[in-house]
Amino acid sequence: MAQSRKTLRPQVHRQLDPAAWTAAGLSPANALIVAVILISTVFAVVETEPVIYGRFGRWFERAEIAFGLLFLFEYAARLWSVAEDRGDQSALRRRLRFVSSPAALLDLFVILASLVPVLGLNASALRLVRLLRIIRLAKLGRLSKALRGLSRAISLRRYELGLTVALAMSVLIIGATGLYWIEGDLQPDKFGSVPRSLWWAVTTLTTIGYGDVYPITPAGKIVASLLAMAGIGLIALPAGIMAGATHDAMKSGGSTNEGGV
Amino acid sequence: MAQSRKTLRPQVHRQLDPAAWTAAGLSPANALIVAVILISTVFAVVETEPVIYGRFGRWFERAEIAFGLLFLFEYAARLWSVAEDRGDQSALRRRLRFVSSPAALLDLFVILASLVPVLGLNASALRLVRLLRIIRLAKLGRLSKALRGLSRAISLRRYELGLTVALAMSVLIIGATGLYWIEGDLQPDKFGSVPRSLWWAVTTLTTIGYGDVYPITPAGKIVASLLAMAGIGLIALPAGIMAGATHDAMKSGGSTNEGGV
Amino acid sequence: MAQSRKTLRPQVHRQLDPAAWTAAGLSPANALIVAVILISTVFAVVETEPVIYGRFGRWFERAEIAFGLLFLFEYAARLWSVAEDRGDQSALRRRLRFVSSPAALLDLFVILASLVPVLGLNASALRLVRLLRIIRLAKLGRLSKALRGLSRAISLRRYELGLTVALAMSVLIIGATGLYWIEGDLQPDKFGSVPRSLWWAVTTLTTIGYGDVYPITPAGKIVASLLAMAGIGLIALPAGIMAGATHDAMKSGGSTNEGGV
Amino acid sequence: MAQSRKTLRPQVHRQLDPAAWTAAGLSPANALIVAVILISTVFAVVETEPVIYGRFGRWFERAEIAFGLLFLFEYAARLWSVAEDRGDQSALRRRLRFVSSPAALLDLFVILASLVPVLGLNASALRLVRLLRIIRLAKLGRLSKALRGLSRAISLRRYELGLTVALAMSVLIIGATGLYWIEGDLQPDKFGSVPRSLWWAVTTLTTIGYGDVYPITPAGKIVASLLAMAGIGLIALPAGIMAGATHDAMKSGGSTNEGGV
């Protein structure tokens, strides 16, 4: 047993801790966990459909328990292998630190919530929380380098992007106020107040155009046309800003992709 | 009193005049004013909703008077502290210049309009004018550097951007004329004249597509498809132009964000 | 008379021929002509509206005759002043060459069509042809430099842009065929043939989404979702290509805007 | 006969094999084949329309047989001329290798399927497969250089593009779950499950907005507005990434278009 601890525990630790895995990509164990998280997310999405749940409900419940047990087993393995972390602390202190970390607390909470079905509907939402774990597992490696690159690009131009958001907000309010004046009396349920008009302004500026609200007077259509044109600029401006930013961020920060690709 | 003027007035001036505030960002007083302007804008938007105003109307009226008094107090403080401005002019001349500046006249007008409710509905619109003051207050600092950067980028390519607008206008008129010919007789209320068709052309070229107007004949659908494809180009072209322009503007003008970020 | 010809004709020629105008921008005469063309275009658009024409029809007819006479006068002035063109040819040969040029033939045709109202409806379309003349008049100057810059940018990446068009066409056909199979029997008037489905595919890929046609089965919605995602790429790809292209074109070709702006 | 083989077969081979054609562009024979493939694709699309097929059905059948025979003749010519390929292999082995290649097997299958009409409807889909052959024929030349350039650009930023896809998927699931909670009970046929809500989320995030599904409560509209804003970012982000990538790919890989254009 003492022997197996010497040989097994470091291996488990190497498999589970992304920082301890020196090879490229995810370790086999973490790749499996990512896959299981993705599958359990698909299950969490699909089981909300009454037609499917009505037929296969029993199987979804069983799958959910299986997922819960799997993640409980993973949690236990992490708790056991965390003692292998480098540093001067004792194994117990490391485990206590692991247990009290927000990420581990959230994990445990989600595991318990899916195994002890007392929260009803919201359990399905809690399972979506597991998606967050993928980000943590993928923290190292190329994807996270790409993530850092994009974050740096957005950060480089955060004032310019913030300005376009402020500009968009102003255009939204002005457009909504315009149609509130022009068609507020004609279509009171749609343009009878600025907040109501804002719904129309958002679906117009983002070029969605559901068709549940649209102007019917010539003046309203002219304002809507101006807002729609502004919408084109609203897409072109951030796209242009991001283009220069990604280029600069890749250059200055040392791109992920320039070396061995 | 003479003593307090010596110590208090320069401090108030430093707090209220963005040019006199040497530290980074906004001064606490101006940050507060920006916050109050944003809150009063939200109030001005929300109070147009009859359902909400019906219930909380009295509170909105009180809030509006509070905002008006606050801005009146701010106006008085600016009038008093403007005497601290550098230069050879007397305090009276500086105050007269301040009072007669278009920005201060507009401020005073909006303050009076919200305190003396005789203009009715339009008062809510006047309050939106306050948003303009944020731009003036934020004139210094990083955001305004970003604003200058974007303005320079747009200015650098103003002929190219103007050309895309001219191109878009031509495509709009040609498309609208096309559908006026093809479906003018079939759907006279929608395509019975070029101006009517233009409404459809705008909602198509900007890819909004409310669904209140669309072609029903094969020929009309072919013209609409061509217009829709042109719409893609209409987004791609300015986005591409802006991308190169922001890049060049940041480079040549000294970016806000390259130094201490 | 011989004296006035010596002093007046070169001046008229300088005013009317963009190549003879050495100062920046358009000559006053050509600027006026551009303005009149734009106004006559607005008239041509607005007069198709029955509500407006019913009231002001007489005025539109008079305006149209006035525009026609003005353009006839301009045509005569060009014919007269073209003799000032540099070169060895006689004045007569120059005038004959002018009269027989396609641009002048088209001009004359449009002028006659608007003065002799026998063609009925199509006259309004012919007047749109005048817009083409703006391009010819603006051939010199900054706007045309910008036009050359954009054309060069598009030309630089014409194979890449052509590929995205080919890709879009393939995606359109595949998507339309997919929904023809899946919902052809369910909604025969909408997806009953590939050409009918293509209308849906175009409004989806370009993200217009009028709402006159949409899938109603889960399988159809999945195919539509894939097509919609591809639509995002279809906008991002040419925008990205154009971004690099305009940047390169401005650089290599000597930008309009880098010098004295 | 031996003489004609010496003169004719190398010529046919040079015409049919893109690798053997040393001049720029496609060989006349392959250009003809590409044209015929495009025409047969148009026929395959149009003949699904009952109104047209009802009238010209006989002609479509004849055209289909003609196309089939033409492609059969082309197949035979390729089989015959493939013996001219460079290398030590015997003519028979080269032909066997040609016949057993996946591309030739697919070709033969499509030819037989269009000549022996037993598969019914699906034959029209099989004919679309011919479009794939265009890619193979165009493998050499400028278009394929552009294709390589674009592929390299996408490959250079595959992690960044993958991240935006992952981000989009997360936003889709979160938005769909949000509206499932908020309006699941109000509009059960539209938001009654996460998969049903996903259809709405896709049409919103991609800014299509058919108008068959949209939120009706204030809370739902706020979530939808946030999703719509995210949709703008979803277009701007990949466009920005692609802009930098195409620029870099053209530079590092040696652009198609910089030399002789």
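We just call them A, B, C and D in the order they show up, numbering each chain from 1.
One rule holds in what follows: contacts are C-beta pairs under 8 Å (C-beta built on N, C-alpha and C of every residue); 3 or more make two chains touch, one makes a residue touch a chain.
Keep in mind that what you see is a predicted model, and the values were worked out from it rather than measured.
Trainee: State the pair with the higher C-beta contact count; candidates are A-D and A-C.
Mentor: A-D
Trainee: Give the pair among A-C, B-D or B-C whose set of contact pairs overlaps with that of A-B by over half, matching residues by number.
Mentor: Matching pair: B-C.
Trainee: Just the number, please: Cα centre separation of subunit A and subunit D in whole Å.
Mentor: 31
Trainee: When the centre of a chain is set as the mean of its C-alpha atoms, what distance in Å lies between subunit A and subunit C?
Mentor: The separation of the two C-alpha centroids amounts to 44 Å.
Trainee: Quick check: what residues of subunit B touch more than one other chain, meaning two or more?
Mentor: Expected reply: 195, 198, 207-211, 235-236, 239-241, 243-244, 247.
Trainee: Can you name the residues of subunit A that touch subunit C in the complex?
Mentor: Residues of subunit A touching subunit C: 207-211, 236, 239-240, 243.
Trainee: Flag every residue of subunit A that touches subunit B in the complex, lowest number first.
Mentor: 155-160, 162-163, 170, 173-174, 176-177, 180-181, 192-196, 198, 204, 207-211, 214, 218, 221, 224-225, 228-229, 231-233, 235-237, 239-241, 243-244, 247-248
Trainee: What does subunit C use to touch subunit B in their complex?
Mentor: Within the complex, subunit C contacts subunit B at residues 41, 44-46, 48-50, 124-125, 128, 131, 142-143, 145-147, 149-150, 153, 168, 195, 198-199, 202-203, 206-212, 234-235, 238-247, 250, 256-257, 261.
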